[in-house]
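Notes for the one structure printed next.
Labels run A, B, C, D, E and F following the written order; every chain starts at residue 1.
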Amino acid sequence: MSLKISEEEFKKILESGKRVDGRAFTELRPINIRLGIVERAEGSCLFEMGHTKVLCVVRGPTECVPAYIADPERAVLDVAYRMCTFSTEERKSPTPSRREVELSKVIREALEPSILLEEFPRMMIKVYCLVLQADAGTRTASINAASLALAQAGIPLRDLVTSVAVGYCYGNIVVDVCSIEDELCADIPIAMLPAYRKITLLQSDHRLPIDRLSEILSTAIKAIDQIYELQKKALKEYYLSSTKTGD
Amino acid sequence: MSLKISEEEFKKILESGKRVDGRAFTELRPINIRLGIVERAEGSCLFEMGHTKVLCVVRGPTECVPAYIADPERAVLDVAYRMCTFSTEERKSPTPSRREVELSKVIREALEPSILLEEFPRMMIKVYCLVLQADAGTRTASINAASLALAQAGIPLRDLVTSVAVGYCYGNIVVDVCSIEDELCADIPIAMLPAYRKITLLQSDHRLPIDRLSEILSTAIKAIDQIYELQKKALKEYYLSSTKTGD
Amino acid sequence: MSLKISEEEFKKILESGKRVDGRAFTELRPINIRLGIVERAEGSCLFEMGHTKVLCVVRGPTECVPAYIADPERAVLDVAYRMCTFSTEERKSPTPSRREVELSKVIREALEPSILLEEFPRMMIKVYCLVLQADAGTRTASINAASLALAQAGIPLRDLVTSVAVGYCYGNIVVDVCSIEDELCADIPIAMLPAYRKITLLQSDHRLPIDRLSEILSTAIKAIDQIYELQKKALKEYYLSSTKTGD
Amino acid sequence: MASEFLSSIHREFLSNIEKESIFSHISRGKRLDGRDLLEMRKLELIPNCIEKAEGSCIAKLGKTSVLAGIKISVGPPYPDTPNQGAFVVNMETMPIASPSFELGPPNEIGIEYARVVDRSIRSSNFIKLEDLVVEPEKYVYVMFIDIYPINDHGNLVDAAFYATLGALLTTRIPKVEIGDKGPVILKNETKPLSLNIELMPIQLTYAKILDKIVLDPTHQEELVSGYKLTLAISKNDLVATQKSGAGVLDIDDFLAAVRDLKERSNLIKDLVLKQTLG
Amino acid sequence: MASEFLSSIHREFLSNIEKESIFSHISRGKRLDGRDLLEMRKLELIPNCIEKAEGSCIAKLGKTSVLAGIKISVGPPYPDTPNQGAFVVNMETMPIASPSFELGPPNEIGIEYARVVDRSIRSSNFIKLEDLVVEPEKYVYVMFIDIYPINDHGNLVDAAFYATLGALLTTRIPKVEIGDKGPVILKNETKPLSLNIELMPIQLTYAKILDKIVLDPTHQEELVSGYKLTLAISKNDLVATQKSGAGVLDIDDFLAAVRDLKERSNLIKDLVLKQTLG
Amino acid sequence: MASEFLSSIHREFLSNIEKESIFSHISRGKRLDGRDLLEMRKLELIPNCIEKAEGSCIAKLGKTSVLAGIKISVGPPYPDTPNQGAFVVNMETMPIASPSFELGPPNEIGIEYARVVDRSIRSSNFIKLEDLVVEPEKYVYVMFIDIYPINDHGNLVDAAFYATLGALLTTRIPKVEIGDKGPVILKNETKPLSLNIELMPIQLTYAKILDKIVLDPTHQEELVSGYKLTLAISKNDLVATQKSGAGVLDIDDFLAAVRDLKERSNLIKDLVLKQTLG
């Protein structure tokens, strides 16, 4: 998992048409979804993509505290993204980093368009994303988990939100970037309302040639469609099983 | 006070039937109690046991702030245990340590059963314990001080709470442990409602043979009864003197 | 600006009747005042004295938050004095220092007597002073700036508050101390309601001969009168220009 | 103003019907979930669930679940124990597991539970701290044990204890070389953590409800209990005691709980070892 | 309880009349301040305004103004980049510039904007970090870039970017000597910061209002916009993207915005260089 | 939102009857507790009350009492004073002494008073800082002076000052040896702190009530006073001035207060020395 290779080796593998972890360029890591695993919450989801593991819990709609942040026309959505101290190579301090604060904000804004917040004026919906293990793609896994937890919580949604990180590695476009790719290449996390073809999260850093952007986005959308199917399947299975057990 | 001796010497002294500070096994350190020394508080008590000195102040019953923690059926008891920076061998940071937070909680829970909190619904009673000098037994001294300060404040009580730490040192049971005993032996702080024979605080660490537990507890109770008498005497003297001076 | 000279050289220059920066003993540094530069605030002022630059912003009267600090008979005045991290020789941490807390308090108390707070019961007036560059006299510049910003905000005032720091350097009284004087000599910051001849801020440290105090104060008052004229001129020019532009 | 450690925990209430239901069951010697008074929920340990941690384990007590992870670093020893490694136990209280928790630093419950688990482990001498030395008096291993509650369905403190135990039993200590610039951790060369298995502590929590003592309380039972009593034993010794909560404790109830724990401890010890070392 | 980063920002509202006015203008292809949809406000840079800083600049975008200052210290390099200097971007959010800010540590907006500016600069390789080494693997220069908003009349993030750019372009690096007690900074001997001028990033922010995209939004426009999209390019590459706000973004709007930025970038680059290097 | 330093102090109010009573006494030249306007309460010092501190003293001014304690450590000197020891004055404001204080870090009153006491001591050169050097330019003694108010019956700042003075006068400096691992403090070998007794500062606080000046105000007097004026002198020099509170001060009142302090200072100095050095 924490395999270290040189930039040269990395490039060579890419040239052979493969990726460092053996995947094809547009191949996702294995995805594992478990819904409803936290009993004392309205919604919860464990979302695993490769070694990345995120637990997401939804609470609410509840009363808005402190009262002065309440919105008379819609629910306030509050999102906290946090990493376990042991989720990373080096122990992370439990105090929230600036990165965690920024990611809490962009995850919130990625989820917000999917929720019918206007149905709960003056209320608050709380989403907590806890990264149990970080191996690239923690913000996209958090969004995928959170959207499912919101659905399981029975919060009315326009659509699920589905997210993936695409990478641009020495001319190659790869989907669902892994740790080494994240370090050496440009990483473009994207979230969408898949049914509407609308983007709710978009970030990038490193260098991206402008004339490849269109291709990068269409590659992302294909991956998002695949994950979207897995999300819907997980929801369906959860409802079937919970009906069976009468839960 | 900060005498350092080797474990061997320590054992030898115990074998001679004495303790490092010259006391007999069931002998308390000298106790000094002063009530009502903080004028601008409903209740206050300075409690000294040997070199350990704790000042306790009681405020209330007052309005509950923040309001959302109020209990419609009883008063909320809030206890803060803090140590002066110069109370210990090494300077203590003024920021509350995790130990201070835990001790605030167990002291609160040791006092709570003694107070008729149900007589003050929606109110708050505040207890502040400040360790002026720490030489073992600061939590037990805090409880003894706090209970007297509550009584002086006129808060209705079922009984006083009385507390002592018993030690288990290489097979010997000693009462009112001193610093060196605290370091080398098992320390069992106990608080009781003496008139009811009920325990309100009980903690332990180190190794205690299970078959000696009963003996340890009965030794503790004898010491508690002694301290209880001193507490009652101090209260009586305070009331007599305050009646005399018309205070 | 950050010229370093020895104490001996410093004394020699003083003996020649001049100061290290070439000024005469009672000469002020150049003063530059700009009003109304922050559009989204009721009042604002940039006050420069030599290299010292302070930006002050006034907000309110507004609702008092938190509500429990409201005063039923008058507005609450809240003042925050802060320094930019790059305002000093060594980078200043953005966390407020104890010095910044004390200065916030004395600046508040220097301004308070000038404001008709009784006209806004239960309200709050907020004053923020940000030191952009610190080269001695930041508290006095803050007061001068804040008083002008309050006036520009239309808050009813009894008088402006005008402030200067006088220095006592090896027997000489100097006005508007510079950095080196601040370091080597006694520094006496004073604020007044000039029209009333009343002092609203007075501090000192270092050694001041008691028999020179009267002289020190009268030197300060002369400097304050000069600055007061510049403040009034700046206000007048601001009103004239804002009338012209219809702002 | 109440102290932040008190006001950062949301009080929860049970309805009178819920309370009555718990009480009527318990007074008849049974519990709402069908257990006997002194019956523990099923304990399940899932070790090695976090590959990036040097040790990790999820512990489940019925529906309650807790995750513990261990990260290892190298630093100077404490001055008073120059030839021993060190460990720190911390419990975060993010509002994942329970609506009564809030964002922010650990509240008083997280601090208390972490310190109780720390004492249960430390007093037992379960960890061979003397084997955690890299270079005597200069460099020792420091273990950060961080505990995250996942679902609080009661008795978090025991679940936290078993998660910690499971993580310790499966922890791998990396090799360390002292280079020019200080210690370098070689993550690929590891060996198991040295433990005194025969001293392994076993911790259980009892709760007083009405005039009865129940073992391993659920969340609802905690809300109506007078106190909880957490005990840990190692071999024939009591190594940790913590009365938690504002009720009053009878001496006989304490002694009976210690005896009960002693009787159960070997069975639990076997279960823990089987589920971790296999 | 909401997280502190959310609750420390005061929500602001526009009246319905204000909203209608903005909307009716924009639907007719014009803006309240007379600008065209894709017209930027006048950018003005005032460098070297703080003599005590190693670099400083006020950037004005119309009425919006932001001050950035740079202080330089010397410290050990990051372990993974032993032969590079370091820089940190921080944005304070004191309630000077806007009534929606509060006293205290930076809120989520300050943190986001500082990190966006950091990425725009860092991804472009504008700063020659390899030239900021005092003694390889031991001492490097560390630049603290601190940003203070002065007047928030909209698009603080671009004003913050240009203030930072202006400060970097005029930063002087002091000489450092390594003495017995470590590095000593000689403030009187300085040289300009090494920059890859040809890689200089240009950042612009677009906002979606109704079905239109506007460039360089004002404060009122921000309050009614669906999202803001901040983009930075360096040469022919996109080096930073940040969608901010809860609206939904169309792919075509993103691609169009990138093209618009590309077209404008040389002009802005010339303007920045002229106003700083003269 | 008000700044935390303002909102963490509870405002206290006097009833109109209490106010009137104070005013009517003072306008007749007397005070509620029978004192004359310029009469100080009885000052009592109890040094060496905390054996674990290197220096300690309780100071009582009538019913007001304050505890100060001094702990000594060894560290590097400040770069600008390589051959001087250092001291830090801190005042905690736990709600022991007054219902207007709250738990948490020192409020603005604690910070102001600690800094005033610091300036009174520092400006006087009472402490021979040059004697607090362990190894020139490398190790010096650092004194932490921590002040805890016990009962606030008015004029805490002077009680804090005399508690500090009493603690300094009885402080014992431990011997320090420089070992392999740095300095080692030998607590059993001590010598008194070096002081310039002839420069000992004396501090007094005056308050303006109605048109009168009173010395050493009580708590109720503080609540109705326009301002407090704290002054310290050392020999014939004024070494600290602090106007505190929102009232306005007349120059003549300031000069009169300085003269009053000068007249009293020798008597107080003798009292302090008698009660500490015996």
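We adopt the following convention: a contact is a pair of C-beta atoms (placed from the backbone, for glycine too) under 8 Å apart; a residue touches a chain by one contact, two chains touch by 3 or more.
What you see is a predicted model, and the numbers here were worked out from it, not measured in a lab.
Common neighbours of subunit B and subunit C, listed by label, are F.
The fewest steps needed to get from subunit A to subunit D, moving only between touching chains, is 1.
With every chain reduced to the mean of its CA atoms, the largest distance from subunit F is reached by A. Relative to the C-alpha centre of subunit C, the farthest chain centre belongs to D. The chain pair with more C-beta contacts between its two chains, of C-E and D-E, is C-E. The mean-CA centres of subunit A and subunit C are about 51 angstrom from one another, to the nearest whole unit. Chain geometry summary: the mean Cα position of subunit B and that of subunit E are 57 Å apart. Inter-chain centre distance (subunit B to subunit F, centres taken as mean C-alpha positions): 31 Å. Averaged Cα coordinates give subunit D a centre that lies 47 Å from the centre of subunit F.
The multi-chain contact residues of subunit B, meaning those touching 2 or more other chains, are 65, 68, 80, 126.
Counting partner chains per residue, subunit D shows two or more touched chains at residues 1, 3, 103. By the definition of touch given earlier, these chain pairs are in contact: A-D, A-E, B-D, B-F, C-E, C-F, D-E, D-F, E-F. By the touch criterion given at the top, residues 1-2, 37-41, 51, 53, 55, 57, 59, 80, 82, 84-91, 94-95, 126, 128, 130, 132-135 of subunit C touch subunit E in their complex. By the touch criterion given at the top, residues 1, 3-4 of subunit E touch subunit D in their complex. The touching residues of subunit B, counted against subunit D in their complex, run 64-66, 68-69, 71, 76, 78, 80, 98-99, 101-102, 104-106, 108-109, 112-113, 124, 126, 188, 193, 196-211, 213-214, 217. Interface of subunit F with subunit C (complex): residues 1-3, 5-7, 11, 108, 111-112, 114-115, 119, 122-123, 227, 229, 233-234, 236-251, 254-255, 258-259, 262. For subunit E in complex with subunit C, the residues that touch the partner chain are 49-53, 56, 63, 67, 69-71, 73, 90, 92, 94-99, 103, 105, 144, 146, 148, 150-153, 187, 219.
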